[in-house]
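Here is the structure we will look at, set down as structure tokens.
Going in written order, the chains are labelled A, B, C, D and E, and every chain counts its residues from 1.
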Amino acid sequence: MTLPVFMFYLLAAVILLFSVLTIASRRMLRSAVYLLFVLIGTSGLYFLLDYQFLAGVQITLYAGGIVVLIIFSILLTSHISHKFKRPAAWKLWMGLTVLVFGSGTALWVLLLHPFSKNPAVKDVPVDMHLIGNQLLGMGKNGYVLPFELISVLLLAAMVAAIIVAKKEKK
Amino acid sequence: MIQGLSIYHFLVVSTLMFFIGIAGFIIRQNLITILLSVELILNSVAINFLVFNRFLYPDQLQGHFFSLFIIGIAAAEASVAIALIINIYRRIHNINADNVNEMKF
Amino acid sequence: MNILSLFVLVPVLTVVGIMFTGGLKGTRIVAVVGMGIQLLLAAWLVFYYLAVKGSGDLNEMILVSDYTWFPSLNIRYTVGVDGISVSLIALTAVVIFAGVFASWGMDYLPREFFITLILLATGVFGFFISLDLFTLFLFYELAVIPMYLLIGIWGSGPKEMAAMKLTLMLMGGSALLLVGLLGLYFYSAPDGGAFTFNILELAKVHMPSGAQRFFFPLTFVGFGVLGALFPFHTWSPDGHASAPTAVSMLHAGVLMKLGAYGCFRVAIFLMPEAASEMAWIFIILTSISVVYGAFGAIMQKDLKYINAYSSVSHVGLILFALLMMNKTAVNGAILQMISHGLMTALFFALIGMIYGRTHTRNIYEMGGLMKVMPFLGVMYLLGGLASLGLPGFSGFVAEMTIFFGAFQHLDLFHRAATILVVSSIVVTAVYVLRAVGIFMLGQIKNKEHLKLQDAKWHEKLSTITLMIGIIGIGVFPLWLSDTILGSLQPFMDRLSAYLH
Amino acid sequence: MTGFQTVLLLRHELLLILAAVGIIIFDLLLPPEKKTRIIHSSTILFGAVFLLSLIPVESGELFGGSFQENRLTGFMKDILNLAVFIIFLQSGGYLRKKENAHKMGEYFALIIFTLTGMDFMISSGDFLTFFIGLETASIPVAGLVAYDQFKSRSAEAGVKLILLSALSSGVLLFGISMIYGATGSIYFTDIAPGISASPLVILGFIFFVSGMGFKISLVPFHLWTADVYEGAPVNVTAYLSVVSKGAAVFIFAIILFTVFKNIIQVWENVLYALAVLTMTIGNLFAIRQDNIKRFLAFSSIAQAGFILLGIMGTGSLGMTTIVYFLLIYVFTNLAAFGVAAAIYEASGVETISGYKGLYATNPRLSLVMMLALFSLAGIPPVAGFFGKFFLFTSAGSQGYFILILIAVANATVSLYYYLLVVKAMFIDKNDQPVSHFKSPLTMRISLLICSLGIFFVGFASGIFEYIMSLSGMLF
Amino acid sequence: MMVGLGVSGYGGEEGLGYMAGMFHLFTHAMFKALLFLTAGSIIHAVHSNYMQDMGGLRKYLPITHITFLVAALAISGIPPFSGFFSKDEILAAAFHSNKLLFYTEYITAGITSFYIFRLYFTIFWGKETRYEHKPHEAPLNMTIPLIFLALASALAGFIPFHDLVSSDMRPFDTNTDLMIALPSVLIGLLGIAGAWILYKKENDIPQRITALLGGLYSATYHKFYIDEIYLFVTKKILFNLVARPIAWFDRHIVDGFMMGMGTVTVKASEKIRKLQSGELQQYAFVYVAGVILFVLTFIYYLGE
């Protein structure tokens, strides 16, 4: 077993374990922390796949940004020591059914699909240069339009968050 | 390409993560933990895109960028959702999913 | 501007006119003027038609004009009339004219009432002049939906339920019809080319028999619901009984004929093969309608229910005759449409007038009314006699012709059905005379009734208009039956082309 | 492609972004006591945007095919603009309420931002732009849904919307990733040839459909609809049910017709099933509703089922009937929501039983409502009849007569509950009907526009032919 | 009871008997209606339903008298009144098919004319009854229909209703067959003559015949109990056994079914409302379960 393969199995185990723990833990803050582990594990996968830039983004934006935001909100809305009741049985059953049948179906389909390997294609080095150029590229495989659009989205989301939170001036 | 690892290895991980996220969405009582499940879902999809990109179509970075933007959208989604959840909290001092069922039938 | 379009335009203008007038007086003046013009137009149309035919015009339709409406779907506004539609237009004009007078005293929201009523009439006129199935369907639904408001707002008794039942059943019927029409449309160009909704064009196309078998029942039942085809007739008693007078008149008198006319002009005419194959099913159903309506009428206490069931029976007879698919029977069917239209309108008008005085429609609560209101009584009696097929009235001519036509089928099935249907005549006599005997003759049961007044001038005008029609057809049936017969030829040609 | 041409092709989006940013800045500049000015100025500004973007521009694509503009998409965007303009006209009364005074500007800005997202979504030429457009059109809307500060229902609706919408976009993304995996591209034009009916594609396709079905409220992906519609402010509900749904339907059809044209037999079957479910379930639920917004929610679900019949027609006929129906739907539904909004603002009544006897006190409003309901039910001579008839025609052109039969049966059921509202307004007696009131001028103007639309869009065949010619250029 | 005669026509020769039956049904409807109306007019005048209260009314009620006479002649099949034509055709039809039926009909025709004229003579001629109020003719609104109907009964036979219908089938041969018509008219006249002798003047001949014939007369006096049978048939059978069940069937089964469709829809709506539980997570479950089901179904049915 080579190192990458070992790393993969390790990361996979971490990701899946903490995924399950995220949804299973009865303490909210722990859930969030487990999610953080999942995200970090994911970024490990990205490194493994040679997408260093994205791995970085994953850690900074996702793990560093969103999860922190979530943790803040948890602290704001509930007590740290708060422990949930066990989930209602019907919900548990619904969830497990979906988990079993859904992943069963999807895996069945995916694993049976003969993904064509295209040996002629060489690995394209993913350097920052290329990413930068494509991110602001105007032509095909250029992403300036989504880039601009997501800025609109973020602005709009900000406004939306504001009007929800905004209080009437006395 | 990583020797000894096929695309299927990665897809199994991401798929399981996806459905764990969905199960979490259904099972958890707390709105914020539901949001955590959503993050799991989005994350798993991001893995999907990257894996396909790396293993099958490495000459372009379409999957890569898709993942990148998914992270951005997840951020936007999370921020609005958190705002709304806090809004609920301010109203009923509780963010249990069981308590947001005033409207039905 | 095509002269036929005036039949739609005049009511629409009348509606607009009513919108801009206030008060009961102004409203009814506008309504009367509008419908009077319509009546004159109809009279003119009849004479014009006779003149044109007299001069040897051999076209199937006259006054045809054709405007493209939705070019990409080849939906057109095509109008034209033949003898059949001319006579039905005349009928409608007479009934709606009488209907306006019958609702002279409408005091609750009169403006809205007349607007809705005339809107309904617009639909009917539009239906009869249309040659394009799309416009035909449009007008058909337009004629059905105002019924809801008319019954619901101005009706009596369990009006909400009756209105809802009526509307839903009729619209359910028209929903089936819609599928049938689309079927006709999409099979109208077997060799490629543009699809068409035009009846005359469709008549030239032979639809595959498999498709006919699917779409014919839909179309026939779709129209049949409005023609009170058993078992889809149950809207009729409740609906008619709850509707205000003018609406009952128009509905039983004219709207039910829309169904019959549609069965004839669309279902049977355009899909003759399936029609002849499946006729037996519908012959059974219509025979049941006829007998059953007649028997249903026997047991009723409410005058309107009696007449509603009788309408089921009589309109069933029309459908029955259409399914006989020969010239005589179909001729009879159309005569019956007109005859029954006048008759039943008369009945409902009279019932409305009687009810307006006695405030009851229960025949057991009345009696001896002949003495207090001789005019209404005599009119009712005459209407009843016409209804049971007395010679000299239109009913006789129509029913006789139908039975002759029906009798031309020699096989046992048709024969048995015909005999069954004929026997309904006897039952008709029973229920008509029974009702007359109970509430017109005999002793006055309610002293209050002695104070009642006979018909006022507008009521007389309304009933006499209708009575003239009934007796006119009864005494001089030939001009009408010739008018119709002339127009039946294309129908017969098409039938014989596919059946033999 | 010169810069000016680029700007012309992007005219809708650029104008909208400018307008939204302008409104935010203007809002900041206004002194607090003059805040209400923002209502009229935004409406007028938006009217100007609407008019400016009417310039017809020939088709073209930008950003290497990520942005596709043609006459049809342009027309669709104009329809959406018109709808939003009408909604702005109707919002005045609601926004003037004291508790909303501090966030009126944001209301307009958010609607315009989300509309921009929809415009990008409509014009998208790849799944990435499409998806970001979709999210732009849905995430901020949750904020709008929770706009009402003093109603816990509003907050609840917002949370339900954002979480379920996140779930659905997750599922949608999973589907897109599968399609990417199967075909190797996110560009529509590159995907189309690679599509075949392999299980992976079907899986990806159905995940994708579910995401779209969520936006369009197709059964079984519809469950959020009623709750969110009920909780949201009426004008936002109108926006959701007309604009948001319309845009989604449009791009859904385009993607089906272009990207998935190879597996037409698959998606026709999927849509068949969805249409039957949607119409039936939507109708069955609508029967029992008393809250007018909930009622209209289920009715709009049923309408979505009818729209699917139009999509079944495929090709230019299908596209035309959909766009035509959406145009009619704008007038029809906005008329209904407008009346509901007017009544709610004046009296706080938002139940059908509260509408009893309305005709006696507010005849005009009842008439507009009746027109709208008849149009929804597809009764001639109002436009809904034409819209629905052509949808059926579209399905009939592919021979789906059984489906049409199911649809017309459902249309009859739907007539029942529409008539229940008519009955409440016109027939039922009420001791304490909604008292007579005069709604604001803008509201009356909007209702006038809607009524005119309901009357004339059907008869004026030119509109249908115009759409036909536009979509004829594409397919 | 003339209906019986009409009905027998159905069995007759192809075409003719049927047509004749129909024809008779119509003429019959007409003069029967006329009879009903005159009866109404008489009752109106005399304020009594019983024949023994009447007599010699021809002076007081001239119009009723004449119209009744017309109806009676028509029903007896005396030319040129309408009954003659229709009855003649029935007889012709019967003659060609069933001799027994033919003769029976001769006899019943005779009896019909006898009893109808018995009625006529007793009411309008016969004994002079003293009336409490002087009977007077009904008002115009009642007499006009009488006159109208009388005219119709008199002339309907001449309505060429075969020609109304320019049928594409062979027209029926409706020429009067003298050999059949003549006896029938004679029998009709015989019946009238009998009634004339017995009832025109108040006399004791009927009583004597009664004595002579005993039981037979008492049977005919009650018209062979036919009126009772008639009442039984209409009231008990037609009304109670046919019409009432049909009315019930219509209300409850047919209409019940139509209403039932509506009720079922509304019930179904009630049953499934739990689906919309307001629970966020149930919505999510339905959503995902729907997706999975769709995937499985369509991969199974449509996958390559």
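The criterion applied here is as follows: contacts are C-beta pairs under 8 Å (C-beta built on N, C-alpha and C of every residue); 3 or more make two chains touch, one makes a residue touch a chain.
In this text, all values refer to a predicted model and were calculated from it rather than measured experimentally.
Common neighbours of chain A and chain B (chains touching each): D, E.
Looking at A-D and C-D, the interface holding more C-beta pairs in contact is that of A-D.
Ranked by distance of CA centroids from chain A, the top chain is E.
With centres taken as mean Cα positions, chain C sits 70 Å from chain A. With centres taken as mean Cα positions, chain D sits 27 Å from chain B. Centre-to-centre spacing of chain B and chain C amounts to 65 Å, using the average Cα coordinate of each chain. The centroid of the Cα atoms in chain B and the matching centroid in chain E are 83 Å apart.
Multi-chain contact residues, meaning those touching two or more other chains, occur in chain D at positions 128, 132, 135, 139-140, 142-143, 146, 158-160, 163, 167, 171, 181, 198-199, 203, 226-227, 288, 416.
In chain B, 18, 21-22, 25-27, 34-35, 56-57, 60, 62, 65, 69, 73, 76-77, 80, 83-85, 87, 98, 100-105 are the positions where the chain touches two or more neighbouring chains simultaneously.
Counting partners per residue, chain A has 91, 94-95, 98, 102, 105-106, 109-110, 115, 141, 143, 146, 150, 153, 157, 160-161, 164 as the residues that reach two or more other chains.
Screening every pair of chains for touch gives A-B, A-D, A-E, B-D, B-E, C-D, C-E, D-E. Within the complex, the chain D residues that touch chain A are 17, 24, 32, 62-67, 99, 101-103, 106-107, 109-110, 113-114, 116-117, 120, 128-129, 132-133, 135-136, 139-144, 146-147, 149, 158, 181-182, 187, 198-200, 203. Listing the residues of chain E that touch chain D in their complex gives 262, 265-266, 268-270, 272-273, 275-276, 278, 280, 282-284, 286-291, 294-295, 297-299, 301-304. For chain D in complex with chain E, the residues that touch the partner chain are 159-160, 163-164, 167-168, 171, 196-199, 202-203, 206-207, 209-210, 214, 220-221, 223-224, 226-227, 265-266, 269-270, 273, 281, 284-285, 287-288, 413, 416.
Residue ranges of chain A in contact with chain D, taken from their complex: 105-106, 109-110, 112-113, 115, 137-146, 149-150, 152-153, 155-157, 159-164, 166, 168-169.
Contact residues on chain E toward chain B in their complex (touch as defined above): 273-274, 276-281, 284-285, 288.
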